[in-house]
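Look for chain A in each of the two complexes below; its partner is chain B in the first and chain C in the second.
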Partner chain A sequence: MILHILTTAPLSDAARQAEQAINPGDALLLIEEAVSAALQPDLDCWKQTDYPVFLLEEDLVARGFANAASHHRLATVDIEGFVQLTEQYEQSITWY
Partner chain B sequence: MDKSEDLMVIIRHAPHNSNWLREGLDAALVAAAFGQSVRLLFMGQGALALCKEQQAGAPGQKATLPTIDMLEMYEIDQLNVPDQTLEELNIPLASLVNGVTPLSESQVKALFSQPRLIFNF
Partner chain C sequence: MDYGLLVMGAPYSQPAPHSALRFAHAILARGHQLAGVFFYHDGVHNASSLMTPPQDELNIREAWKALHEQHGVPLDVCIAAALRRGVVSESEAARHGYTAFNLEAPFELTGLGQLLTLQQRCQRLITFAN
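Up next is the complex of A and B:
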């Protein structure tokens, strides 16, 4: 049960490596540059149902993607939610 | 997969371009020196660290191939690379150092479902 944290854009090396590593029952948290995934609702990560995917609100707001995320009804967490995720999953791995 | 190792270090950066590779290898060696069993997983550009024809490179850029060769001395003999990475980089297994075991997609995923400490470089 791993929380995978991705900080780079969709289709980047790190994003593809995270995809190779993630298992059903894990979770994927998109922060920093990775929140640009909110602009592309047809990305694989949004289509699959093996693991939940969250966008960090603060980074969405900073980049002006908050409306896009809500328009596409994508799951978000704020910084407290981020902390709760790190408590909920035994381990976290950051892909940068 | 037998009992999982104490530690898996993921190496994702190529030699010479940055210090990430050296730091990842150092972390693995330190853990091994303290008696931890370590597995190395080379992903993406990290697989280039295993090319056996590497040289020292420009002065000041410490070569990393000697470190790769030293892994065996520290009993780090689980060197893995995803098949997918070899295909994407178009590197044949024969051009890598000995002792590297390629893994299928499901084998790579299995590595991440076993309880162990994971460092990501």
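Up next is the complex of A and C:
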């Protein structure tokens, strides 16, 4: 079970690689530039149910995307939730 | 749980070190240990004692230093990545005949072996990179 931490925008090379590498049972955490995925509710990652996807709240707020995330009912975690995810998942990969 | 952080982004131009710093405080707040922070690639710029942001902005070097002083967190900097980028300790400056240096304790120039040691000592190694 791996926590995939994506730091880049949804259509970037790193995002595509992460999408290919992720397996059912893993989780995907979107931080930094990756939180712009909140503006695109049609992305594949929001439509699948194989793995949970979370947006980092502080990075959403910093970019003014918090309303978009709540409007589209997308799951968010704060920085403490980020730590909890790393407690839960033994391994992590940062995609950048 | 013991955590280690690998920081590979430059402060002020990339978000990675700022994310890492927030994460560091969050793991300590949850009662975990931070066994060390390893600065690699452009992350070595976090250690520069010459960084001079405006006084009303975060000085990230001071923030890392405070983490060391308050929680005893080792701050290791990859020597090969640092020297390439002009981040130099007093002894390295003397060795290369430079008149100035910009890396001081509690930051320490170390080799990549230190990163492997950190990884082996930790249950979690989290990478912050851009």
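The definition used in the following text is that the second predicted complex is superposed on the first by the 96 of 96 C-alpha atoms of A that agree within 3 Å, B and C clash if a C-alpha of one lies under 4 Å from a C-alpha of the other, contacts with A are read in each partner's own complex, and residues count from 1 in each chain.
Note that in this section contacts are C-beta pairs under 8 Å (C-beta built on N, C-alpha and C of every residue); 3 or more make two chains touch, one makes a residue touch a chain.
The structure displayed is predicted, hence computed values, not measured ones.
When both complexes are overlaid on chain A, the residue A:N23 reaches chain B alone and has no touch with chain C.
Once the two complexes are laid over each other on the shared chain, residue contacts for A:I2 go to chain B alone; chain C is not touched. Contacts of A:Q48 after superposition on the shared chain: neither chain B nor chain C is touched. When the shared chain is aligned, no partner comes close enough to touch A:Q40: not chain B, not chain C. In the superposition on chain A, contact of A:Q88 is made with neither chain B nor chain C. Put simply, chain A uses residues 90, 93-94, 96 to touch chain B in one complex and chain C in the other. Within the complex, the chain B residues that touch chain A are 10, 12, 43-45, 82, 84, 105, 108-109, 111-113, 115, 117-118, 120.
The residues of chain C lying in touch with chain A in their complex are 1, 3, 15-16, 19, 22-23, 26-27, 29-30, 32, 123-130. The part of chain A that touches chain C in the complex is made up of residues 5, 7, 31-33, 58-59, 79-80, 82-84, 86-87, 90, 92-94, 96. The part of chain A that touches chain B in the complex is made up of residues 2, 13-14, 16-17, 20-23, 26, 90-91, 93-96.
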